[in-house]
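First chain A sits with chain B, and in the next complex the same chain sits with chain C.
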Partner chain A sequence: MTNKDPRTDIPKGAKPSEQIMTDPSKASERMRAGSMTLTLVPWVVAAVLLAILPQLFTNNSALTIMNQMSITIVFALAYNMLLGQGGMLSFGHAVYAGVGGFACMHIMNMSDFFASIPLVILPVFGGLFGMGLAMIVGSFSTRSAGTVFAMISLGVGELIAACSVIIVAFFGGEEGVSGDRTYAQPFFGVEFLQQEEVYYLTAAWVIISAALMYLWSRTPVGRMANAVRDNPERAEFLGYSSRWVRYYSFVASGFFAGVAGGLFAINYEILTEENLNTASSGVILLVTFLGGVGFFFGPIIGAIAFTLLQTVLSLSTELWAFYAGSLFLATVMFFPGGLAGLIMMHVPAFKLGKAGKLVMPYIKTLLPGAIGILGLAALVEMTFHYRHAATGDDEMTIFWTTFDSHSLMPWIIAGALTLIGLGIARATAPALKDAWSEANSAGGAS
Partner chain B sequence: MDLILVNLIDGLVTGLLLFMLSAGLTLIFSMMGVLNFAHASFYMLGAYFAYQISIALGFWMGLLIAPLLVGVIGAGVERYGLRRVHQYGHVPELIFTFGLALLIEELVQFIWGKNQMPYNGPEILNFTAFAISGNSIPAYKIFMIFISVGIFLGLLYVLTKTRVGMIIQAALSYPRTVEALGHNVPLIFMGVFGVGTALAGVAGVIAGPVLGTFPGMAFVLGSIVFVTIVIGGLGSLWGALVASLLIGWITTFAKSYNIEMEDILNGIGISTPENLDDNIFRDFWSLTSPQIADILPYILMVLILIFRPAGLFGKRIQ
Partner chain C sequence: MSTPALELNGLKKSFGKAEIIRGIDLSIGKAERHAIIGPNGAGKSTLFNLITARFAPTAGTVKLHGENLAGLEPFQINRKGLSRSFQITNIFPAMTVFENVRCALLWSQGYKYSFWHLVNKKRDLTEGADAILDKINLLERRNLPAGTLSYAEQRALEIGITIAGGADVIMLDEPTAGMSNTETDYITDLILKVTEGKTLIMVEHDMSVVFGLADRISVLVYGEILATGKPAEVRADAKVQEAYLGAALEAEH
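This part shows the complex of A and B:
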């Protein structure tokens, strides 16, 4: 062991036992920017998980949710190629997915051609159309990043969304375009009549597109996208045209957005103006940011969490968009790294072997915090019921209890729960902070 | 000729309304370098607050109090929200205001419901000011024009002629120097944000009775306001004025004159294809100007961004 080795080069005054030692020959200790997935393992695990999920959740509504989730994953990953990896904020990305989807619907309706191709390759056509549109729009929008790019994306998004009611031949006007996926050439005898068969098709496409997007981020052009995001001037000095780097990212992102649109077309067999408008573009921004733009797997987590939130919450409350909005705002304000950032914050503690020290403080703070937030949600729901329910309809049900929203008692209980829960969380927060810094500093008993 | 005059007045009202929003937005942009997506939401809040106040105290108190409330909320958003997000960079700031816009819309639906509110202008202005060959111009529209022009002149005076305005302008360009001279720059920023949102609130108060007070009102106007300040040049007050009037007139005229694409194409020498119903371009041929009136500003913006990214009056390119 020589002192020249940077891994063992110990600064003055530090004991050897206080050093964080990493060994690059071991995959799990290798630190690489932007990604946790270093080996094949996560991909295999994901593929196996996707394959056995329908066996665990067999009912149709679960399959519908999982299909929705898979489509959102592909779309969010494509979006993150721009936002996270390229630093380009787009307010109109739904149009690429939408146009890809509409193209797939038209292919479905071209009966002769559609009968000669298997359904599984249909998303490729969606991708090509999304890519084509991205090539046209990107030719002028990627000249600059930042606000100008964001505004052009907003303008183009609004334009194409508005075109959907004007150009009826392609977008089908108000009622949209619908088709039938079962007219395709059978794929090894599978005609995709069942929801489950569609699920496997979608799942396969999720794995393929996620792998391709991951590999893209490892190519030189993918790495240059990061460089251009962080310092376009320096990238230019190195001899790269930042404009073309942005263009390639944009086109690739358009392709995968189109794939997501094609999957949407296969799954729902109808596309309308709603797939193109600014609200859809906003949702995908929300999903991606919630999951975390700094890591490749962030949008995946975001898509899963958001779809669950959407389906589960929207079943039980009318106010789900309000909660989603609050969560989104809280994410931007307090955890700009998103859910993935939250997870990756704990990696140093795990590497030091001190993650166990965090468990108790977490329970002490987060459990009362969660109770307090649920109490707050109850107050919100009761206010909503008090204001908007029909006259005479005083009964309401939340958290499996039914009571009269006009009597005082439930308000006192919910208010007390909120105050006590948040109060305890606030009181124990300093202890959590101490435990956090303790768990993240080297040395001491471990 | 008479119709042109009526349209000019209508376009002027729309344009000045847009200007009240875009003036605040463009000031906030030149200050923080970030587009406030929630700006139109403050406009909506202004309308709803004024409605609530007008039930109890009448329209005029609403016009006085609602913008103040909106301004205070705006200042609070800057102080406790934006200032915190500022450290993470521009993109999170933009996303923050975007999320805020969503949240305010949900909040408004939560409190007031999804239906349009019966918010009306004051009785005293409920008469016809004058008529141009049968087209009556309500006094309320004239009142709107006077309020907007008054606000523009006031803003111009404060910004260019007073000490406060000088400090604000200096703080926009050289915040560090102004801070070193002993002025509280974060307070100035908060104040400008508050005033900008209060202006949006005024616009909401006076536009609510005309355009309707409903939860979608922010969304309807929101993206047009960005288009306006991008066309005018980010950070330029004069640009905002010119672009607002331009957009107001373009959309008004496109809506009231039914120009058909077929006539234009025939006029430049392209003849109509024989069986139009089977042609793939049939939708293109049957385009009319009222159909595309609402997307004309977007087309204009995309063209401006391509050929003159700084906007009409803008100096800096982001």
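This part shows the complex of A and C:
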């Protein structure tokens, strides 16, 4: 993408409209021309960030988490090509990533061929296999969107996951397929023995894939995917077959899901049935929705947040999935735009220069709210410990505090924190609401 | 005369036992403005849906410029130069006004299912869409989500989308339904302007619009055409007077 965009001189081109081209439309021209430069900024920031992150977090487990995030980002963005941009709810999208990944594992195990290609291009093969499968499945699943599509995706997902124990030659049965990435042709002397080298490979693929998927959404077929999502019938009467538009989105999404699978293969050097099954498909739906389907960058935020939950939270509690599930529920019920929607909600207030007015009300409501939620989490953890710890093991530690889960005092404290925290949050909520409408109204006190 | 723009022969449609369209023969010439009127439930919208392949006819044929449309999908018919609007506003409400029109231009400008063009970089699309917006007086609204427009503006946008692809046969289903008098006048002028030199087929309830716009009128009653002719002839027709127009014209005054 470049800056030298011819659009700044559009008013000249649109001759007939010259007379009525008043200020508002000129302002909009400026805004659009500006947004072109603005669109480049996030990409540069992301690339720089990806480049310097390993310098900030140097240990291997941090690199593993970041790799995991990157893979999830590519997969979630691919998934959102269907869900957010095409309006297709898939319950079985893990199979395209999985099949792409398995294909890459087999290529790793073809020693002669693998030795002749650099590892960096391996995800392309993953993409091609994911795309191939999507071309076959899409030929019948994209006939309609909605429930029919969702059911077919679920059926195909189950079917292919079941194949993993039937077609052992490809899926490797219960042990899966493993390989060694270092047998590839060295890439400028790099053999990818180090975790950090794998990180940079993955990071490069994240940027490339994300950029390509973003550009896709700007092409005629990408724009029509939105149109078909919103109103398939109208799209038909504009000369487009809804079905073919959906098909192309589906195939493209299959490609990038396969790329994510290929990156998984490179990182973990093993693929199993787990990469294909419905649980994995469910996770990517959760990640995408958590991040927000309405914005291109939503799934990226979702992938980062979810991976952090999954890795960091799972270190401190066995119940991390419970909290992830609660967060997902809260997202669906209270902020269906996801995390991206929450962020973008604040743009008008920033544009009006009134975002500062929200800081204090936010602190007054969200801080007690957070304390209340932590108190609630403490109660959940204590109940879990009370029910499941071995007999005699009464001691537990949460929030750096060790106490006896069978005595009364901790329960009273946690219960009180919950009630008081949530109580204050509830009492201050109306003030926050007022501050919100004040910050979002153009007029009023300046 | 040359081939008619649209020709219907023995067109029938039944839903179960109910016969909604009971054999329609109609020929509409090039650049003709043709209105279809009739009481509620006469089958006007069904007729529209049969012509545009939203429904498959039970019997009979539809010919566009002499070509039989049997078995074609709506998008294929659209590509042959027939475009329609809907009785209930049918736009892309979440997209901007500009984007609505640009989507309507994509196919006719030859972009098809391209994923190697970036729409923002295509001057033909931007200028074309702006020219249409100018025509329908929505240029100042171009960056608003279409769903936030007023009802009359949404109807105007729908007409814009309908004509954007450059189709030469335009079908409008009750373009002025639910509008105030000023809005109706505005839309009528708009229709006259944008369908210049094109074939227009419209369903309309407002008799002042019909008699102001149409070159010829067909009266549809119970799935059959009672009369077709110039506005004055139709107005004078005794059968029409009896079946429909008498009551409709009376209601006007």
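Just so we're on the same page, the second predicted complex is superposed on the first by the 406 of 446 C-alpha atoms of A that agree within 3 Å, B and C clash if a C-alpha of one lies under 4 Å from a C-alpha of the other, contacts with A are read in each partner's own complex, and residues count from 1 in each chain.
Note that in this section a residue touches a chain if its C-beta (ideal position, glycine included) is under 8 Å from a C-beta of that chain, and two chains touch if they have at least 3 such contacts.
Small disclaimer: the values here were computed from a predicted structure and weren't measured.
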Which of chain B and chain C A:Arg426 touches, first, second, both or neither: neither
First (chain B), second (chain C), both or neither touched by A:Arg218: second
Partner chain(s) touched by A:Glu158 [first = chain B, second = chain C, both, neither]: first
First, second, both or neither for A:Leu286, with chain B first and chain C second: first
Chain B versus chain C as contact partner of A:Ser144, first or second or both or neither: first
Doubly contacted residues of chain A, that is, touched by chain B and again by chain C: none
Chain A to chain B touching residues, read off their complex: 83, 87, 89, 91, 140, 143-144, 146-148, 150-152, 154-156, 158-159, 162-163, 166-169, 278, 282, 285-286, 289, 319, 321-322, 325-326, 328-329, 332-333, 336, 380, 384, 387-388
Of all residues in chain A, those that touch chain C in their complex: 5-7, 10, 13-14, 16-17, 20-22, 24-25, 28, 31-32, 36, 215-216, 218-224, 226-227, 230-231, 233-242, 244-245, 248, 252
Chain A partner contacts - residues on chain B that touch it in the complex: 35, 81, 84-85, 88, 90-92, 94-96, 98-100, 102-103, 106-107, 110-111, 113, 223, 226-227, 230, 234, 280, 282-284, 287, 291-292, 294-295, 298-299, 301-302, 305-306, 309, 317-318
Contact set on chain C toward chain A in their complex: 52, 54, 73-75, 78-79, 83-84, 86, 90-95, 99, 102-104, 106-108, 111-121, 123, 126-127, 130-131, 133-134, 139-140, 142-143, 161-162, 165
